[in-house]
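Same chain, two partners: chain A is paired with chain B first, then with chain C.
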Partner chain A sequence: MRTDTPAPPFLDVLTVQDLMVGFPARGPLFSRRTLKAVNGVSLHVAPGETLGLVGESGCGKSTLVRTILGINKPTAGTVAVGGRNLAGLLNGRRRQERARMQMVFQDPSSSLDPRMTVHEIVAEPLRINGQYTAAAVNALLEQVGLTEAMGSRRPSEFSGGQRQRVGIARALALKPELLILDEPVSALDVSVQAQVINLLQDLQAGLGLSYLFIAHDLSVVRQISHRVAVMYMGRIVETGPVADVFTNPQHPYTQALLSAAPVADPSAAATRQRIVLRGDLPDAANLPSGCAFRTRCPIATDACAAVVPHLLPPVPTQADFPVRPAHQSACLLVHA
Partner chain B sequence: MSTTYPGPLLSVQDLTIEVAGDDGPVRLVDGVTFEVHQDEVFALVGESGSGKSLTVLAIMDLLPPGVRIASGRILFRGRDLARLPESEMRRLRGKDLAMVFQDPMSALNPLQRVGRQLAEAVRLHASGLNRRQTADKVHSLLAAVGVPDPEGRAASYPHQWSGGMRQRAMIAMAMAHDPGLLIADEPTTALDVTVQAEVMDVLAEARRRAGSAMILITHDLGLVAEAADRVAVMYSGRVVETADVHRLFTSPAHPYTAGLLASILGEGTAGGRAFAIPGAPPAAAERPAGCAFQPRCHLGSGRDECTTARPVLTLLPTPPADADGPAPFAGPAAACHFAGESTLNLLKGQPA
Partner chain C sequence: MTQQLLPTDPTVLPATSERDSPQGDQQGKARRRPAAGRRKRPGASPAFVAGCMMLGLVLLLAAGGALLPGYDPFGQDLSAAMRKPFTDPDHLLGTDSLGRDMLSRLSLASFVTLGIALAVVILNAVIGTGLGMAAGYFGGRLDSAITTLADVNLAMPVVLLLIAVAAVTGPSATVTIVTLGLTYWVGYARVSRNLARSLRNRDFVLAPLTQGGGHGWVIRKHILPNVFSQILIIAATDIATIILIESSLEYLGLGVQPPVPSWGSMIFEGQKYLGTNPWLAVLPGIVMFLTVAGAQFTSQRFTAEGTTGALLRKGRTA
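Take a look at the complex of A and B:
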């Protein structure tokens, strides 16, 4: 559990407010409707902080990231970098602000051009911005644990972990403040995963970087995150310091998620209590009324169909005092 | 459907897979040997790039162009698949031998309704069925893997299915003809763990019904611990250890296996530093003469055997308790000159 939480008074690197992203979808009989891929998401990332983002496949994580980076257009809501709302800026200026955020992808092999040498791959963003020097590229390679000599090779000559290092070096070229990492280690074996995560933590400590870290593997998220946000069907359903969310999950989806994470102990496997979710996954283009989780929620009541739950801090009780306001969840029964 | 064959269902023997390199052929898979038995789940784990996918693609006869089997045998119910004519292989593939890929999107045609694609798979090996019977079979396959409203769903396109649902469709397709062997290469990596758990349940249930064995490839050692009966660990194109799942997790014999297990993240490591095996694996073209793991091995540093002689997979002594139990298929084995030495001191000298 990370306890080195950064001091709060700094301006957040990234602030997302009430973001909505819709895609046109086909409804019954030629009718049209909107698939709300991101349905009112707010989040923030402080300097030097890692926010882990987990959730169902198809819940909108990648759409959220693409919208933050300006690839998708939001239907509503704002994205601010360093406190500055991107929508209000002129194009050139907006590009500059966006360069403060860089992306690292899941599959290092498909995101690196196989015909280029590693040196050229890392050099590319520098060249585009007229900042290229060979020394700068070599320094970047060294920063991620590669050598200058490796720069003359092509990605195919590298292992998966080394390729992911190249992807990170390239993302660091323009000295971003925030890295957005979408499943950066899920294609790697656990030892190489550990190497890459250690590297990311070293870089964070050395450069004061912030991370928005997306993964399905909860142990990876727990390892690297200060805070975590759990998404379900376009909304954040729980968020808080990683220790609180992992040891005291509030939302039934988070509880099911944590209970379903496999344990690397064959003798424990048989006795483990797993919350099994039954019921259908809702159609993203036709969300159920009220709480979107109610079709699978083991404790849903009639009220859950009527009201959309909002993120709220836990209700203070004698048992868990003091209240931890940063740990919020969106479930009617938690706050009943 | 499955005729009983007295030997192992699948026996891969000394399989070597090559690709042309600048200085002659490069061995991507180098003398891999393992057996898979009726009804068992056999996990193939290990280093990224160690040859797991190529090994199973060779079994399916789906190696990418330019990559070829240089030597070795792949005996499936006693028949050598590596020497089977393509026409016979086509008859086996999708029927008695089936595969579920990591990315269901790449295996499904985005422009065709899911039901139609499933119907093709069904008809491939059951050409006698008429339209109605085929559709019925498709719907019952989808229902069997827990797809709600199979008829409605079958009429929709892949992008209208969620990741977990698509993976169910792939499982339905793979199980269409009750295969003797199902190969699943990272079947749940793209899914969240609640859906992963459902998909693994669906897989187990489908396998039980058809009596299929499964080869499961995954980086998730938790999944291995929960689903596998036996495990083979690969490193740099070779199998370095094989054992039943309990033995592998409790007393790994090969230093690479021990390092891999020590790298598992957990509550204890969170926020601190994770253990990682130092260094990187050799490129396939630059594998050292002795043990491929030697440059990274704490046990093998400075030992001549390790730099000069390639360790071969050798049976490990089994404790007497095991000897009384059910006959192990092929006892635990490791490819290490010093497999007997404790690997626990591996953690010494590592930052906490």
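Take a look at the complex of A and C:
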């Protein structure tokens, strides 16, 4: 768990405000409705900081980052890079600003063109932007622990971990300030995961990078993140410094996620109570009214169906573990 | 490069292993394609060899005929008309009703017919691949428009169309090339549309889009190269069909005009003399058969191999 706090930022590298992304979906009979994959998300990442984003499969994590990178179009909300709203920029300028954020994809075997050599893959962003030199590509390969000689081979000749290094080298080519990592290690063996995580931490220390790090695996998020955000059905339900959220989760969903995760410390495992989630994820095209979590929430009340809870700082209490202001959650009962 | 030439030499292996990467992946040893993993192609199947020989013969005839001594496809010599093959040393394959050298005429006809077919196939491939990639990559209304266009195209009676066009412009090789070239592209469009559709959401296509590359870049660098091998396969199978269609048009007199010969027009001419000298129709028939059968035999190897496409296969199993 990281206890160091990054230097106080001047401007966040990335600021997302009330982002909404909808996809057309089919309703009953011939009706149409909107699948709200991202339903009003706000988040920010400071220079040198890692924000971990966790949530179940299908909760909209990939859609969120694809929208940040301009692959999907938002239906509402803004994305700002270095404090500058991308929507207000001309195309060329927007592209430039967006290049300050680069993506590392989940599955290295589908993110690398099987027909290209590793050298060509890493060279591509440089070529697009007219900055290509062979030396620059070799330096990038070296930076991620690959050799120049490996550049002449194709991705199929590499292991998963090495392929992910290629993906990281490509993402570093344009000297970004922020890497968006969409489950960068979930396709890898556990032992290889640790090496890639180490590489990412070394790169962050060396280059002062910020990370938006997406994962299902809570232990990985805990290890690499300064702050975490927990996402459920297109919304962030809890966010805060990693130590606070992991030791004192406020939202029932976060509590359930944490209680399901294996714990290294047996005494902690004995004392904590397991909260088992009932039921499956609701249909994303037909979300429950009020709190989207209410169909699975163990403590839901009637009010939960009527009111949409907002992400709020804690109410001051006399509890043993006072909740710090940066630690926010979106649950009616927490703020009752 | 030496490493790849000498995959079994133990001294070159470490260059690929984890020792070179500081953190050393556990599964790090770069996976070499094992020799057995290199899929054994059907290789030298008898049909493939036969097909190559047949095509080779026709190509030799088309390209090399003009170099033969006594090459003259147009010179008439009524005193030496209607010679049968192998009866006159000056005219190895005999002469036609006007005493023109059959070998020379067959050679020129092959050159003309193959040239037209090639031009048609290239035109088809360019149009079909371009439209198909655009439809599959951009989707939406463009996709529906192009799909509709393809359906309309399939419903069109090409021969009637060609007759109509030729009636207006007069028949010529150009009319044949343009008409066929504009009408037989649907196969290319279908395949490249479906491939482009499945490729456009792959991460390696999205990556350059997030790095400042435009759609043109993505299509040129990632979609086209991945579609190209499939297009070649279609072209290889299509060329036989195009030759048959083209020849039937020539047979109807819609195409290159006399005295320039083509297989179709030679067969038409020769039919008048089936009773006296059947070779006049049989010889171009044989050349046409060799070409069409040869093209079928050779292209079978690709279709057995590549209907799904190496790329998709790799993507699914990985």
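One rule holds in what follows: the second predicted complex is superposed on the first by the 317 of 336 C-alpha atoms of A that agree within 3 Å, B and C clash if a C-alpha of one lies under 4 Å from a C-alpha of the other, contacts with A are read in each partner's own complex, and residues count from 1 in each chain.
Note that in this section a residue touches a chain if its C-beta (ideal position, glycine included) is under 8 Å from a C-beta of that chain, and two chains touch if they have at least 3 such contacts.
Just so we're clear, the structure is a prediction, and the values are computed from it rather than from any experiment.
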Which of chain B and chain C A:D217 touches, first, second, both or neither: first
Touched partner set for A:S191, first chain B, second chain C, both or neither: both
Touched partner set for A:Q102, first chain B, second chain C, both or neither: second
Which of chain B and chain C A:D113 touches, first, second, both or neither: second
Chain B versus chain C as contact partner of A:G160, first or second or both or neither: both
Which superposed partner A:L174 touches (first chain B, second chain C, both, neither): second
Chain B versus chain C as contact partner of A:M233, first or second or both or neither: neither
Shared chain A surface residues [contacts with chain B and with chain C]: 157, 159-162, 189, 191-192, 195, 198
Complex interface listing, chain B residues touching chain A: 45-49, 148, 162-165, 189-198, 219-226, 245-246, 249, 259-261, 263-267, 269-271, 273-277, 280-281, 283
Of all residues in chain A, those that touch chain B in their complex: 1-4, 54-59, 157, 159-162, 186-195, 197-198, 201, 216-220, 222-223, 242, 246, 253, 256-257, 260-269, 274, 276-277, 280-281, 284
Of chain C, residues touching chain A in the complex: 1, 3, 15-16, 20-33, 202-204, 206-213, 217, 221-222, 225-226, 311, 314-315, 318
Touch list for chain A against partner chain C, complex: 66, 69-71, 95-96, 98-99, 102-103, 105-107, 109-115, 124-125, 128-129, 145-147, 149-150, 152-153, 156-162, 165, 170, 173-174, 189, 191-192, 195, 198-199
